[in-house]
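Notes to accompany the following structure.
Here the chain labels run A, B, C and D in written order, and each chain numbers its own residues starting at 1.
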Amino acid sequence: MMLSIALSCPAALLALAVVAVAAARWRGASRAIYGVSLGISALALVAALTFLLQISPPAQIVLPIGLPWLGAHFRLDALSAVFLIVVNLGGAVASLYGVGYGEHEEEPGRVLPFYPAFLAGMSLVVLADDAFTFLVAWEFMSLSSWALVMARSRDPQNARAGFVYLTMAVFGALCLLLAFGLLAGPSGGYAFDAIRGATHSPLLSGLVLGLAILGAGSKAGLVPLHVWLPLAHPAAPSHVSALMSGVMTKVAIYGFVRIVFDLLGPPAWWWGAAVLALGGGTAVMGVLYALMQNDLKRLLAYSTVENVGVVFIGLGLALAFKAQNLGWAAALAATAALLHVFNHSLFKSLLFFGSGAVLSATGERDMDKLGGLIGRMPKTAFAFLVGATAISALPPLNGFVSEWLTFQSILMSPRLDPWALKLIAPAVGAMLALSAALVGACFVKAFGVTFLGRPRSPAAERARETDGFSLAAMFLLAGLCVAAGVFPGVVMDALAPAVDAIVGARMPVQAAAGWLSIVPIAEARSSYNGLLVALFIAASASLAAYAIHRLASRATRRAPAWDCGFPDPSPATQYTASSFAQPIRRALGTAVFRASEQVDMPAPGDMRPARHTATLHDPVWEALYAPIQRVISYAADRLNGLQFLTIRLYLSLVFAALVGLLLVLAIWL
Amino acid sequence: MTVLDLLSDANINALFAILALPAAAAALLAALPGYRLASRVNVAASGLTFLAALSLFVRRPQMGLYLQVDDLSIVFIVLNTFVGFTTSLFSASYIAHEIEIGRLTRRRLRFYHAMYQVLMFGMNLALVSNNIGVMWVAIELATLTTVMMVGIYRTHQALEAAWKYFILGSVGIALALFGTILVYVAARPVVGEGLSGMVWTVLIGQAHRFDPALLNVAFVFLLLGYGTKVGLAPLHAWLPDAHAEGPTPISAVLSGLLLNVALYAVLRFKLLLAANPGAIAPGPMMVTMGLASVLFAAFMLYRRKDIKRLFAYSSIEHMGIIAFAFGMGGPLANFAGLLHMTMHSLTKSAIFYTVGHIAQVKGTQRIADIRGLTASHPALGWTLVAGVIAIAGLPPFGIFVSEFLVVSSTFARQPLLAMLLVFGLLVAFGALLMQVQAMAFGDPGKGPAAPVRASYLPIFGHLLLVLGAGIALPPALAAWFEHVARLLG
Amino acid sequence: MAVIRDLSVQGLQMLLVLLAAPGLTGFVRSVKARLLRRRGPPLLQPYRDLVRLCRKDVVLAHNASWLFRTAPYLIFAATWVAAALVPTFATGLQFSWAADLIAIIALLGAARFFLALAGMDVGTSFGGIGSSREVMIASFAEPAMIMIVFTLALVVGSTQLSTIAGYLLSTNVGLRVSLGLAVVALVLVAVAENARVPVDNPATHLELTMVHEAMVLEYSGRHLALIELAAALKLLLYVSLIACCFVPWGLAPAGAGLLAHAAGTGIYLVKLVLAGLLLALFETAIAKMRVFRVAEFLGAGLMLALLATLLLFVSQGEIQ
Amino acid sequence: MTGLGIDFDVAHMLAGLLVLVSFMLLYQDRLTALINVFALHAATLSLSVAWQAYVQDAPHLYLTAVIALGLKAIVIPLALHRMVRRLGIHREIESVVGIGPTMLAGMGLVALSMVVMLKVTPGADQLAREDLAFALSVLLLGLLMMVTRRNAVGLVLGFMSLENGLVLAATGAKGMPLVVEISVAFSVLIAFIVIGVFLFRIRERFETVDVGAIDRFREGRR
């Protein structure tokens, strides 16, 4: 029942996409299409929620499409329901945002048809239950999002982004194709049930794990496969960026979980080690990249990389615990990962919406040209602030909860026997802590430079508050962030069936714990109560305010800024994004990015302004991708000579082939 | 009873019609002066041929000494006549433009139309012939006609290309003939002298008793000879220029059909070897040449400056994939090979139709001068994008299905080969994407943006078919392919 | 009954920290002054300052936003809640389970987050300097702190402060290398977090060396009072954190009688005095370091803490 | 090998002769001489075909023999001579590799074809076997000539000698149908080549054909 609803929604979205092709040029088409996709996504969301909350058995259905002898298998179980919720919640809110934001689109014909298709693709990936359908949906998702990235293709930067993106996406899909080829075997048992039934040799499983990391990781943005992400996400229209960053990466994570936890059978401990190490590296690298950015949307994209790393840390721990038969610990780690998936989808969408509002209000993505927007767009600023606080893992918001759970599960890791894990786990813990702190710095920078201070450009001065729909979407998400932070137990209990499905164990029921607090293992061990913390902060803050306003002065005078006595009217004296990051750039960037600063100080009497330039090197690109590029273009150039031979030489090619084959025969026989 | 007889007669005539219609049309068209009428006649003849081919599904004629239709060939025949029909539709609108800009004179058009039907005749004959000698003659005929067509513009480059094609083609023909002779020699001790030694049905029946060693040598020559037509890697040299310099309908026919016909010949003899226990497995040779073609073409795609040459190289790549699939063998891979061949013909011809119109509206074939199509000519631009997405093997188009099957079925058996293939696919994809992004997106600039008078019917028809196949393969067709795949072993 | 007692303990604790915090700051100041052979301000000076600041008007920069005005309350509240959850004289706090050690650190992080934002709000150069340096320091101090928490949690098997204190009280843990490392690391972090010499100088107003002072440069009146109070609370929090984790003796266990609580309070005050003396000595003994050497300073702390954790991971057995 | 008499020896002799003439073709370095030797080549072929016609008493092979003699031994050589004069093609052929290496390569090819063929067909009867071996060597030698001669006429002659090898094989295969048709088809092919060379003024220029030049020059134009 729920499955058929959940399936009909993507179908309806596809139909909508077809309609949109024709309708795109009508006025008001954008509102209509976003409105309809909002409705459809909401319906799918409700279906998935009901499925998850009334713990239903998995539902399956086979449609007579796809491979003739296979058909298209679809399945709705707890895991896919969780991700279906993430997808459609994001989709619904993004559509709501789009109702307003879509009006700014200059070429709606390039966005409207692909937007519903993109949503449909993501839902289908989550529902697919055989290798073929899965890959079709997966590639379709990439393809439609590529089209959305290319919507603004007149900017060569975006064209490059699209190229890198789709190439990486196809690379990932081919890796997954190989993985499924291994799992299905030569007989071609592509249905997931058949794969679950089969038993796989350790070597084969390890190979599949590697391919799954390559395939799903390249889509999720694991370092070093992340390069496309900071290019493609900012290039798309902001609500699509929100979907790509907040939702599509989650679909990739779903693919990883589905393959590694569900299809691949019992894990070996070193899987956990590998995934854990990757996750830790990704988290730190991602946030370091993010700190170095001046482009707001790019910063957000890199912070997505960081969060994906956090999720993979949780998944790696879950794998390790599962391999060691520590069910409850595995459940804790898996819950942490899934909760972070959910949370990140909330606040990352929120933040991208905010950046989109800023972009449409000022036309600027470069933070060094923004500033002081809190005065002109207070509502947007507030929503963005909530998002920033949440993503910085500060209590009492939701980001903190999942981070806290991840820490708690790392604290379980001494129970793991293998020495490699004993060494990796604490190191990863340190990495996680470091990245958590750096994220705080990163978003102080993002919010402070963008919204606080004084406007750094006329565009920022003329900015005005964005439209109601966008604000509604943002505040909805902000509210969800607060709610999920204050009542985390509810979400965790809802996640329990999915966790049970992937690690075969579940955490203690959180609703049982008193005062709505969450207790991972035992109250004596650790517990956290978002509600109380929130109440305490609110209470003591208002108490202080009350007391001071009652007992002491409440008078306020406005005056020019003090600034140690020499205020400078020019906004150029403010700290910019890059100068804000300078201390950290010096402390960490020199090692990672070979960051260097050149100061060009004119001689006294020289009128030209002094210049300070900071140069960064992208280690991953230079170490990995540039060489590949070089090799391919070298080979292309070399081989290209073969286009320009004389007929005689071509004939001698034929001749050589003939003689060669005859020789083979002569020797063979 | 009598009805059945009638039907059977009808079908005998159907098989006959497949050959007679083009021949007659060729004679007629050679005589017709007006090109509008001629193009209509061309369309009509091709359409009728297609109908005749369809009627073969209803009931098969029994085998003759010279002509026959079996499960393998009928796939090719129907595909062949269908694409021939749609191409005639496209060429009708294409040559109208060529006449206007004066690239073609009326006299040459008469020649062109006549040759078109001769080509159809040759290919159909090659497909329905039950005699390896006749098949050889037919393929030679088809080759010669295409040579003429390639040179039809009489420009310097066109003549160069035609000459190159001609020389390499002739050598290929010679090798193929030697292989055919060897097959006869191998067959003679068993089936006796005379005609029967070349009759396909007899050969395949007796193949297990042939001298295997001789068959091996024969296959080497046949693979190289017909492989030259297929455009496999070391033998491909004629293909890109022939595609680039000839009129676009001919490029479409070359890529969509002639390559298939040559491939059909190779498959025939592969069957012969497969039927003989002692003979070497032809698989490895085909796999090697296939992989070589894929990798080679993949790298060649990057530096292409001419849009038609670009897609010609992509044809080489796909022929490589198909050869790879058939070389791997096994029901899945063979199925994939057949499917891929069908899908490639449809897609690639659709692409060439689009490219033809693009070259006409932009007035150039240089990729560097084609920019921002989706902005200047949305329909053409997006069709090109869709076509390239389809040819690059992305869903929801049919080629994805076959590539999925090839790769996934191979990886379990030969991981290394599959990885090489995947590498080639990825490299080729990067090149295609780079080129199509440059052409379809970005700023259209000040180039001549002539209005489009394109005939979208064949283009969309093909793409829709490919799309449908990608979403859901008709069970009948699937069963058919599976059956043939099992035949191919 | 027990609930009431715990509630009262909790309330007392909140009051106690609030009252004792400025006292500690004042004490450290005067001891430093004495060590420098100055008479120095009287012990109650910080209280007077707070009262005076509260009486004065607030002078806001023209472009100061709502964030600038609300931040002080949030900062104060977060710090106060954090401080209220660290056992000072008794472990039996009613709401100790509301937030464990990690959450307390995160609360301080929240306070710092808003402080740094407030520093950037007016859009002056010094605010920017302060905020950027503060987050740099924090991004090294926080991981070190988390590592210290790991060490404790691995020894005790809990991140719950009262449990930790109780455990260290009850069983004789003995001397642990990792705990020793953790103490050193915690001291380093505490020094950095509270903007003390050598990382920052609470007394300076020399622009280029300021960190904390630069952020609050634009604040005045009651806002400044709240922020100062929050700073004092933070110092107190770290002192009592060290006290309760590493010298928990004298803490009144949960459900202890009135006498025990009184004794606990007294012992706690003694601990504060000792800590103040040590801090003053330390601060007078060494010189302030360049901002960019802070990374190394805290990096050392991080390394120590990580080492402590690793030791625990590697040495099996006593892990809970 | 009983049952083989004079007819085998003659056929064998003629086939071997053909191979010999192919070698002669290989070491010619003057056009006119090359053309004449090719005429000899064709004549030898027609002889052997006629002999086969006689041996297999297959009258239609006589037709093939006549075609070979008439077209390839007389008409085409004359046409070529005329063309050489008309187009003023250089009288001496520059070949890519020297005569010596070419000859060595030829030897190698003959050896290869012997190995391949003779060990291949224990079942098939001597006559066909020998003929096939020789035919294959002629074919390979013709191909070798096409590859090593940097000259249009050399190309044509090489192709024709290659095709002679084919006809030899076809006629050698006893009772092979369609031989006449095939030889006719081939004559047509060759006629096309010659006409092509003649009409399109294809000379050494086409031996330095490279499409790169065309590409570059197309960029200039289109």
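Rule of thumb we're sticking to: a residue touches a chain if its C-beta (ideal position, glycine included) is under 8 Å from a C-beta of that chain, and two chains touch if they have at least 3 such contacts.
All of these numbers come straight from a predicted model, not from anything done at the bench.
Considering the contact criterion stated above, the chains in touch with chain B and with chain C alike are A.
Averaging C-alpha coordinates per chain and comparing to chain B, the farthest chain turns out to be C. Of all chains displayed, A has the C-alpha centre closest to the centre of the whole protein C-alpha set.
Chain A and chain C, compared by their mean Cα positions, are separated by 35 Å. One inter-chain figure worth recording: chain A and chain D are separated by 69 Å, centre to centre, where each centre is the mean of the chain's CA atoms. Chain centres here are Cα averages; for chain C and chain D they lie 99 Å apart. In this assembly, the C-alpha centroid of chain A lies 44 Å from the C-alpha centroid of chain B.
Taken residue by residue, chain D touches two or more other chains at 116, 119-120, 143, 146, 155, 206, 209, 211, 215, whereas all remaining positions touch fewer. Contacts with at least two other chains are made by residues 163-164, 167, 171, 213, 216-217 of chain B.
Residue numbers of chain A whose C-beta contacts span two or more other chains: 643, 645, 647, 651, 654, 658, 662, 665, 669. Chain pairs recorded as touching, per the definition above, are A-B, A-C, A-D, B-D. The part of chain D that touches chain A in the complex is made up of residues 96, 109, 112-113, 115-116, 119-120, 140, 143-144, 146-147, 149-150, 155, 206-213, 215.
Chain A contributes residues 64-69, 109-110, 131-132, 135-136, 139-140, 143, 150, 153-154, 156, 159, 162-163, 166-167, 170-171, 174, 177-178, 180-182, 184-186, 188, 190, 632-633, 635-637, 639-640, 642-643, 645, 647, 650-651, 653-654, 656-658, 661-662, 665, 668-669 to its touches with chain B in the complex.
By the touch criterion given at the top, residues 116-117, 119-125, 128, 132, 135-136, 139, 143, 146, 155, 159, 162-163, 165-166, 169-170, 173-178, 181-182, 185, 189, 192-193, 196, 200, 202, 206, 209, 211, 214-215, 218-219, 222 of chain D touch chain B in their complex.
Residues 371-372, 374-375, 378, 381, 385, 389, 392-395, 400, 404, 407-408, 410-411, 413-415, 422-423, 425-427, 429-430, 433-434, 436-438, 440-441, 443-445, 447-449, 452-454, 515, 517, 523-529, 532-533, 536-542, 544-545, 548, 551-553, 555-564, 567-568, 571, 573-575, 579-584, 586-587 of chain A are the ones that touch chain C when the two sit in their complex. Interface of chain C with chain A (complex): residues 54-63, 65-67, 73-74, 76-78, 80-81, 84, 95, 97-100, 102-103, 106-107, 109-110, 112-113, 116-117, 120-129, 131-133, 135-136, 138-143, 145-147, 150, 153-154, 157-160, 163, 205, 207, 217-218, 221-222, 225-226, 291-292, 295, 302, 306, 309-310, 312-314, 316, 319.
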